[in-house]
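In what follows, structures are represented as structure tokens.
Presented sequentially are two complexes of subunit A, the first with subunit B as partner and the second with subunit C.
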Partner chain A sequence: MGQEQVLIQVKNLKKYFPVGGFGSKKAAKALDGITFDIYQGETLGLVGESGCGKTTMGRVILGLTPATEGEVWFDGQNITHYTEKQMRPLRSEMQIIFQDPYGCLDPRKTVFELIAAPLKVHGMKDREQLKKRVLELMEEVGLRADYIDRFPHEFSGGQRQRIGIARAIAINPRFIVCDEPVSALDVSVQAQVVNLIRKLQKEHGLTYLFISHDLRVVKHLCDRIVVMYLGVVVESGCKKDIYENPVHPYTRALLSAVPEVGNDAVEHRTILEGDIPSPIDPPSGCRFHTRCPQAQPVCSQQAPPQVDLGNGHMCCCHFCGGKP
Partner chain B sequence: MSETLLEVKNLSTHFFTERGVAPAVDGVSFRLEKGKTLGIVGESGSGKSVTSLSIMRLLQEPAGRIVDGQILFNGRDLVKLTEKEMQEIRGAHISMIFQEPMTALNPVYTVGTQIAEVFIVRQKMKKKEARQKAIEMLRLVGIPSPETRVDNYPHQLSGGMRQRVVIAIALACNPELLIADEPTTALDVTIQAQILELMKNLQKQLHTSLIMITHDLGIISEMADDVVVMYCGQIVESGTMKEVFHHMSHPYTEGLLNSIPRLSEEVEELTAIEGMVPSLYDIPKGCRFHPRCPYAREICRSQAPELLEVGPGHCSRCHRYSKAWEE
Partner chain C sequence: MKHSVQKFIRKNPLAAVGIVIWAVFILCAVLAPVIAPYDPAVQDLASRFQAPGSAHWFGTDSFGRDIFSRVIYGAQISIPSGILVVILSCAFGSLYGAVAGYFGKVVDEVLMRIADIILSFPAILLAMALAAALGKSVLNAILAIAVVAWPKYARMMRGLVLTVRESEYVTSERVIGQNRMTILLKTIIPNCMSSVLVLASTDVGTAILTFAGLSFLGMGVSPPTAEWGYMVSDGVAILEYWWISFFPGASIFLVSIGANFIGDAIRDILDPRMKTEV
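Then we have the complex of A and B:
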């Protein structure tokens, strides 16, 4: 790797949501000191269970939710405190595909209006030109041209997601946050959309932040992976390291929990006890210690150090370096 | 062979709406033996949930009706029972777990009250006694400190705990058959692993038969003894889990399996099934899968295939196994 260009840099990012009403000092620590880079042209997978902060992460990078602390850099600019006006030109470079293809499309607009909207915002006015571009985009995402005057309710989930994707790529962005784009889809349609996302990346040299809880899809699509738990990164590294040599007990448990056809290792499955704790009052020391099968006294007292295992493989655990 | 608990024969459930008749379930037959697990796989609109609702007789009548077939439970045809007789069966003999545990629980009653209700109504228990039983059930499904949790409201519990409570309610009367409709779809993977493990253990302990409905072939391969694959209201493939997964015979099952990326292998591109599940109001002629099938020929477009035996106890609804295919 080495010479790859960094497109997005996230530095010690924190996002606290105040809870408990006026005067309350409590906060849900959705993100609590996250640092990672995304290289030009790669797909970075952000994995974790509900409440780990992965969706908030995507929103903070795009400036849709302001950060509490820390920095977000895009292509050499610190965009953390950009105003709406300063963000405007960058919006055409950074887009998002949402999870729920039912919720993100205005039901009263036709496919043409939906896909043309981002083009209009970014200055394309001529109707003929708009129509030409919309048809081009529809072909690209695999929608038939005669669907152009239909409304969202006439489409299946997979087709709606294609409309969402067409909207995201309409203005030729460089970076797209894919927030669980296939989770709501049927299995057979899911594969179509996954293939489409990959095809578009190749053709347009897109950079993705792919947020998902599905470790199978993430393995298929991503180059590098960041595993989150309760607002912190527990392990990160290239795909091979994470899937073939997972070090953090949480990553291991996540991987072993995936049900697979013809998996005979079911007997050796690590089943985690208990539930994910609340981010309002996260456990002391290592946040995972309440569910960790290997927890020792030190885990509840001290936050684990970040250990570099080489080749960009990082792990936050008291025991991953071999010594406590 | 062991005893048959449930036998569904040629079941057809149709929905009568303004847009026409939707044959959500069309001639479905299968058997479930005592203590075994049957997995029903399919995507949305395949009729898997309607099949389970038909067994429970919980269809939205009059729009949805069982138009044909028998559901023999311990030899008794559930289709012919009155609503009152059916109420005796539900909960006591057959229970159901739904996908979304929050909507299955009543938000204004404590979980203890909701579990105890089953004992009070079914077994005419006194309130105090029922509460004790409720605590026992919570302990059985692995909820920590059940003595305090019994007074919690559903919103105070996490998704995984709520699903445990739903399982506790479903198993309260020790039913012979438990139908689980996508019981872990709304849960996180680590919690899903917990719930599946719990269901397996409870099944062993209580000797309950299980119908597991899901779109995830991985879950089926871990849980089920027998599998039924549904598409467009029909069974397209059925057999023992081993037979179906090792000698897959229907192009749809094949497609489903290839659509899921695997942890154990790497592929450049996923082999997706083309197109989408057709509308039930506009079912393709001939084989219902032919517009999406890579093997489709003329015969598939004109003639509907029968369910043919392709191996021991293994059936497939595909022309490729008929004599007419070679001609």
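Then we have the complex of A and C:
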């Protein structure tokens, strides 16, 4: 990893979605004060349950959804309030791979049109040149050249995801948000796509924000991990620290839920009760206290401080300093 | 060539029926002077109210005019005016609704309230007022009907655009930096068009009927010009001579049904998912 050059900075980012119609003051707090950095060339894993704000995070970084508060910096520029027009030159630097390979490709366009679109937008006009580049990209992501005139519905989920990936890398971005890129795929295909994503990173020196709820995939791909719960970061750190020495009870619960071959310690699993609470009216104090196996009275009264455990390992819990 | 025709008929039998119906009517319209046995406007009071028979295949009306000839000449007016109304209102209405749905907020509010104002009038009444104000002519009647017909396309298109605009493939166009107008024209509208075309195809019949209504009320076509809708209303009061209304009415029915069949086929052809094994 190139030593610690920050590519993306997210500072105290908030995204509230208004709910309840006109005049209502209620809001779903999808992101409530998120801060983290992404370094050049690394893969940052963003994990958490469904509904914790992971996908919103990716969209806000890319400027697809405006932030309510806070800042997003890309390569030294504050892009939080960039207009669509100001973002355009940056589109060739930041891309996304979508979660749903069935929904993210226009059903009326052929593979050629789909992959050529970003090239056209960014200035490549010559038809021969476009075709050459599209074929190059198709080869790179492992699609046969004779698929070029086919429509998305003729492909399997894995192949569609490859089309989506080709589209994302077509204009040589530096940063790609991978929004659960394999969660909609069969397990057998997941591995192929994960390996492709990894191969591309090596070859192009890409930086990834890898959003996922699958901790095995994250372990395989990521250098550092941020664990989110209900719109806030509960723990972050490098892969080794998170997997070998998880501190936050939520992280521990997530990790103990990962099925593993030969793991007979089933009885030691921490099973979380109930669903994630509503982001419209999040629990007071520590947001996790309603489900936390170690909750104490203080947890429902005070928001926990952020504790630095060294080596970039951060945790938000009243008790991660040692005690219970 | 012969092979592909057979294949088309096997895959879309109804569309083939629709195309045949339309081909017959269009042929009639074009070749009216050759096919029609009588002059459509000439009265022959001696042979009025004759039932269909060998002399007058579709019978004669209250002025003794040959209904078969009049139906054939009527196609010259009814079919093009019906199509023209639909083309005008569909093109304008869809674009209007697409812009409202895509840009949303104030644009949407303002545009759709204007459409609501037009929808709030009884269609035929507004069309009458417009046709009367514009002056009596076929073209003005067509314009008047198009002006009252477009809001339903706008409403439909707006609804479709609202769903399509949130789809991930539209996000995926935004994220590559495509400009908004290109996304609207090249991605969103094409993905909404198939449903609109089906509405349009069912609308041809309605347009012909509305046009007929206007003619009946004295705007649009003036007698003795043959026009289907006018002919239907001619016979409504004297139902014992059923053929006076029946044949032009049946023509309207056939043309509408044919348009529906063709519309369904167009939708299938436009949907890339339907043309798997080519």
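Quick note on the criterion: the second predicted complex is superposed on the first by the 319 of 324 C-alpha atoms of A that agree within 3 Å, B and C clash if a C-alpha of one lies under 4 Å from a C-alpha of the other, contacts with A are read in each partner's own complex, and residues count from 1 in each chain.
Rule of thumb we're sticking to: a contact is a pair of C-beta atoms (placed from the backbone, for glycine too) under 8 Å apart; a residue touches a chain by one contact, two chains touch by 3 or more.
All values derive from a computational prediction rather than experimental measurement.
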item: Fit or clash - subunit C, subunit B, common subunit A; value: fit
item: Subunit A residues touched - subunit C or subunit B, whichever exceeds; value: B
item: Which of subunit B and subunit C A:276 touches, first, second, both or neither; value: first
item: Which superposed partner A:145 touches (first subunit B, second subunit C, both, neither); value: neither
item: Angle at the Cα centre of subunit A, taken between the Cα centres of subunit B and subunit C once the superposition is applied, in steps of 10 degrees; value: 80
item: First, second, both or neither for A:156, with subunit B first and subunit C second; value: first
item: Touching partner for A:243 - first (subunit B), second (subunit C), both, neither; value: first
item: Touching partner for A:217 - first (subunit B), second (subunit C), both, neither; value: first
item: Partner chain(s) touched by A:62 [first = subunit B, second = subunit C, both, neither]; value: second
item: Contacts of A:91 with subunit B and subunit C, given as first, second, both or neither; value: second
item: Superposed arrangement (fit on chain A Cα atoms) - minimum subunit B/subunit C Cα distance in Å; value: 10
item: Of all residues in subunit C, those that touch subunit A in their complex; value: 167-169, 171-180, 187, 190-191, 272-273, 276
item: Touching residues on subunit B, where the partner in the complex is subunit A; value: 43-44, 144, 158-161, 188-194, 196-197, 215-219, 221-222, 245, 255-264, 267, 269-274, 276-277, 292
item: Subunit A residues touching subunit B - in the complex, by the definition given at the top; value: 49-50, 156, 158-159, 186-192, 194-195, 198, 213, 215-217, 219-220, 243, 253-263, 266, 269, 271-272, 274-276
item: Of all residues in subunit A, those that touch subunit C in their complex; value: 62, 64, 84, 87-88, 91-92, 95-96, 98, 100, 103-108, 117-118, 121-122, 151, 153-154, 164, 167, 171
